[in-house]
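Alright, structures below, take your time with them.
What follows is a pair of complexes built around chain A, which joins chain B in one and chain C in the other.
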Partner chain A sequence: MNSKQSGRRRFLKGSAALAGLAVGGIRSASAQALDSGTSGTGSQDPHVYGQRSRFETSARVGALGVYEPGPNGPTRRDLGFRTPLQDSIGIITPAPLHFILSHGFETVDVDPRQHRLLIHGLVDRPLMLTVEELKRLPSVSRIHFLECNANGDPARAVRRAPSATVQQTHGLTSCSIWTGVPLAVLLREAGVQKGASWLIAEGAEQDFHTKSIPLAKGMDDVLVAWGQNGEPLRPEQGYPIRLIVPGWEGINSVKFLRRIKLADQPTMGMREISKYSSLRLDGKGRWFQFEMGPKSVITRPSGGQRLPGRGFYEITGLAWSGGGAIRRVEVSTDGGLTWKDAQLDGPVHPKAHTRFGFPWTWNGEETVLLSRCTDERGEVQPTIAELATFWRVNVDYFRSVAMIVGHFNAIQPWKVIRDGSVENALYS
Partner chain B sequence: MAPVTARLKSCPEGPPKRLTIVLNLFMPVILLAACAARAQMPTYSNVGRTPTAEEIRAWDFAIGVDGKELPPGKGTAKDGAPIYARKCARCHGATGEEGPLMRLVGGKGTLTSMTPLRTVGSYWAFATTVWDYINRAMPPDEERSFTADEVYALTAFLLYRNGIIAESDVMDAKTLPKVQMPNRNGFIPQRIEEIPDARKRGCRLGHCP
Partner chain C sequence: MNSKQSGRRRFLKGSAALAGLAVGGIRSASAQALDSGTSGTGSQDPHVYGQRSRFETSARVGALGVYEPGPNGPTRRDLGFRTPLQDSIGIITPAPLHFILSHGFETVDVDPRQHRLLIHGLVDRPLMLTVEELKRLPSVSRIHFLECNANGDPARAVRRAPSATVQQTHGLTSCSIWTGVPLAVLLREAGVQKGASWLIAEGAEQDFHTKSIPLAKGMDDVLVAWGQNGEPLRPEQGYPIRLIVPGWEGINSVKFLRRIKLADQPTMGMREISKYSSLRLDGKGRWFQFEMGPKSVITRPSGGQRLPGRGFYEITGLAWSGGGAIRRVEVSTDGGLTWKDAQLDGPVHPKAHTRFGFPWTWNGEETVLLSRCTDERGEVQPTIAELATFWRVNVDYFRSVAMIVGHFNAIQPWKVIRDGSVENALYS
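And then the complex of A and B:
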């Protein structure tokens, strides 16, 4: 649905440029412009802009919207669109399959020539930059995952259902090679003043999303990115520029970045004080939880797939951690009785999806497949029981509480049934 | 020499190390001057421009917890009710309690239950956030369409419906930041200065206690 929409937008732009032509004439006219090499908009010719084989159909899925009630049900899309991890290859997510979460606010159509980034607040030299000016500065490329705080939330029935696919259980994470200017370069350019301890980032999207981030993180590894996997950012990913805050809840990586203010305290905006905090049993909200923990999942075989028969299968999956690089992934093919090291297929980058593989011969019996990872700090992906202990709740709490259980990174079990079908076994 | 070193540390882009040593030995005074000049000079020439104070004011409409940035204007819950009915009720419910989307009213005493209802009234720590969020984001597709008076009135309406202020209380730049939100102390860590240090907070495995 989304690609259809942006396609339409592109088409409309083309038609504006060719005002006066009948609609039917526009396509061929713009194709002619393309053939003469003057402009690249709107061409369907795969020699001009490549397309995947018609046999490949991997796609994001999204729940129908809950964001605009109407007499016949919701009319506004959720935009919680998930990455098809079951089809993932290597560690990079193709930009058109990167997950989208926009809280019901539609993607904005930003003209990069009009867009500006303002840096102000506790700085010596406030700065107003064009996108072109940003691109003149020394840039870097870094491979990082982005993950939604709510990825894997076990309070959602769909996520717990035996029929759930890995797209439904874990699809709110994606990984790209991001290109941009380190934020530290820009902040040094502006001259950070004494007393600045927070940065407040704001996007130009419909809700002018704003997020407060400790300055130390901003000076560490945050990027102002314009490139994703060798292309300009896609509109749904914040074109023309966005923040990339490696390893932290996706909400920090502000899209359509328009403003960065340095301050001596955070701004207590809606994202700081509303649903992004999770509740403790005593009713206190844990606010400002930034880092996503160590997490892994087997992407093949995974929920909804079917093994055609006994025999050899390479088990493969992804591991990542906001705490740094993945050092180790272990796999169990007997429901957790024994664990063996998987191979890290590489490349292994800090705060990035890391591909692992494990050779396995299925004997045709029912079993449960599990994976767990360890990051460079030695943190080991927890079991659901360990998580419950940390939260000081019982295991059932996670599936019965009526709120988003954020940062849920418990080990994911996939049950292989005798007929070869694979089921989500989080609670069975 | 001590003051020179201290000065150097706060110099945003200090001169290269080798140069520093030479200067340190022979000409500490010149070094000070170089540092001061350095603070006014960006590294990359002619990249970006200096925005005017007016531009910054226009771009930055965020409201902090002390409400310093709140614009002139005022409103009461009475003024807010008809605007709410017209612009908000279809998504948030006629009284703010029924939804279908995010419920904005109610939820008192539910935070320790298995069905916590987190609303402006039961959960939000600062009244200024209500103003900021309505002003920046609501209603979808018509964001930033309200006057300051209207935002004060809508904010007052939600605070009144949550039993925090009276129907005739006037909300303005002075009164709004003073409104005591019932759940102000309902967050961990309590002190804002403690937020950035995840280790000290005892956060592990991507979770904070």
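And then the complex of A and C:
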């Protein structure tokens, strides 16, 4: 994995930077099919492009509803759709079930032949690339989670309800293998000028969603991604290209990416100074919170499920951290009195969902199941009480405020009742 | 990744082995939806279950056609469908595009609630498991390729033609993250008796496809898999459960798995002693060839594609070996005169597709592109001439025989012509 090594080379020499790529991409049979107007979803033959079994019904559910005026009164509209983590298998989220947050705007229907990426601002050689030209550059594949900073927000009643499922409490995180060109490669091609310290990324949404990202992060592990789980990006995930900013709030991973401007200060976009900020103790705004903390959750058994009887169960769940790889997951089956190490069951990658498992024999008595993780820097997932202490608030604060509580990574308790049903016990 | 550690424990104690599991699986919201008859593919709302972009058209193509009598004369029927490797991204094959080999039988429509797995024969405690019971046991996730032993078969005219695409030459290999219970866990639960040395796996196809596998392999890294790329197995891949026998001929990874019998000898099934055998030099049959050798292929640029002009191209492709992890890939852009190390661009896992990349500036002259890989044991992918020498045949043998040439892992040459078109040069 020597992407950095390859990134140090320049591929588009001197003034031929644009000319060298302007000739277009590699033509293949499927590009020709594209020209002939064959529909990507048109084939009904499962041998040509398969579908899941008719017995499988896992589905995203709406989230973060807003009410809009309509002819018959206010109509609910979902800004987001949550991943069904209760059905999650291993560490990869299938693309059809990846969470969606659209910030009130519909998925943009982008024609990849018309789409361009512009890199400009404080650079020596501005770049304008087609999608095919981007694919001609050296790419890497990385397994990373994306998580909305509001994931787990306890200010929402649905998340606090005893009936909440893990989809409702934690479904705004997903994990994919992303394939794309390291942004550092593109920035070296463009030649970043002295004085540049921020990059401002813009998507092709109706409102041109814009996000400021420190240049140092852009030179580190950010990707301009065009692949997801071995396929082109899905439309809801920013087709044909998006940023992937590993470990940071999902809002940074700008979808339908069309422009990156190098600058000497952030742009202070609408979402940076209002929604994605919080109040500091001195009364001023905390504008830039980037990294997602260590978090874990048991996905099975979890809220809304029912154990059919006493006996053996493999407790399983997911852990992740914006700070790097998961080093350890502990599970408690007695409400936190004792903790034991879980197994990490599968590939462990930095800033990626990590699957854990823990063998458990249920004796039929009421109990509470918990998990907590530690990342490679030694940061430990807190309890809700520890989180309140850290933020200098009362635990009740989390359910009383009207604003979104971002970065809420408290330990999730699931209560197993004697009849085998499982309940959300965050506030019980 | 301590699956072996967890595997050493027994989960179903003593005579309660079956009773302990007979109570059924964990009930969840989606299981309830299943009962209510909701169709898995019914929702047309892309927010609920997404589809790929209308601009994407990558597709499997038929392979290994046979002719069957029909009312209007013989009708071609494809036994297999090849993965479009020319469109491959990273190391994971999307489930809808995983290659299919059905051996003349249609995909079986298995109801997971009715399906059972029986483990019997030379065991102390025969096991009968439902799919839900299987999912209650400790699972692991592993990235592995599956490859048909006939992949690359040069006896087929379509594979030798200059117009052959990489889908036609190498499309009978795919790679997924498989999730399942280590077979060793199940065998320990059942208690393998002294004298058992083989396991005989049977699928639910019309002809009960049967395969004999040495017990030592079964205790090593074989999975009883129910998950593929984060979703339940796809129907064409053996839904609801299949064997995954890492690194070995795909025929071993029995789909629609319903029975495993422990025995003191192989069953000598039809496919073991005819199709999946070859002739030894002494005239006897070589019946059991299991492991797939080191193989690599450049997927871009590859046959049927066209370079739009001289300039920079990232050569990219896949390498894999049944013998373990890929350690090195070399690329030649001058027909084999000189070789240079390619980069390994992404996760490198044992017995898994590994993506490589190599920066190349095309000067517009005719040339031949090659790749060769070395696995962790030091085994190097051979040229077709070396392979012929090893097998003590003439190179022309490969295109003259009427039988399938399995385990053909020769270096694949792609010729770039002056107009930018790319041709299969295996026999030129």
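To be clear about the criterion, the second predicted complex is superposed on the first by the 373 of 428 C-alpha atoms of A that agree within 3 Å, B and C clash if a C-alpha of one lies under 4 Å from a C-alpha of the other, contacts with A are read in each partner's own complex, and residues count from 1 in each chain.
One rule holds for everything that comes next: a residue touches a chain if its C-beta (ideal position, glycine included) is under 8 Å from a C-beta of that chain, and two chains touch if they have at least 3 such contacts.
Since the structure is predicted, the reported quantities are computational estimates derived from the model, not experimental observations.
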Using the superposition on chain A described above, determine whether A:Gln265 touches chain B (first), chain C (second), both, or neither. first
So, does A:Asn252 touch the first partner chain B, the second partner chain C, both, or neither? neither
One more residue to check, A:Thr299. First (chain B), second (chain C), both or neither? neither
Quick one: classify A:Gln206 as touching chain B (first), chain C (second), both or neither. first
Chain B or chain C: which reaches more residues on chain A? C
Does the superposition put A:Pro359 against chain B (first), chain C (second), both, or neither? second
Now for A:Leu137: first (chain B), second (chain C), both, or neither, which partner does it touch? both
With both complexes superposed on chain A, which partner does A:Thr173 reach: first (chain B), second (chain C), both or neither? neither
For A:Leu127, decide between first (touching chain B), second (touching chain C), both and neither. first
Find the residues of chain A that appear in the contact set with chain B and again in the contact set with chain C. 136-137
Which positions of chain A touch chain B when the two form their complex? 66-69, 76, 104-105, 118, 120, 124-130, 133, 136-137, 188-189, 191-192, 194, 197, 200, 202, 206-208, 210, 214, 216-217, 258-259, 261, 263, 265-270, 272-275, 277, 279-295, 321-323, 379, 381-382, 386-387, 390-391, 397, 400-403, 407, 409
Give every residue of chain C touching chain A within the complex, in rising order. 1-3, 5-6, 9, 11-12, 20-21, 23-30, 33-34, 38-41, 43, 46-60, 62, 78, 81, 84, 86-98, 100, 107, 109, 111-113, 136-143, 165, 177, 179, 226-227, 229-236, 239-240, 300-301, 304-309, 311-314, 316, 343-349, 355, 357, 359
Residue numbers of chain B touching chain A in their complex, please. 10, 12-13, 39-40, 42-44, 47-51, 55-56, 59-60, 62, 64-65, 90-91, 100-101, 111-112, 114-116, 118, 123-126, 128-129, 132-133, 136-137, 140-141, 143-144, 186-188, 192, 195-196, 198, 203-209
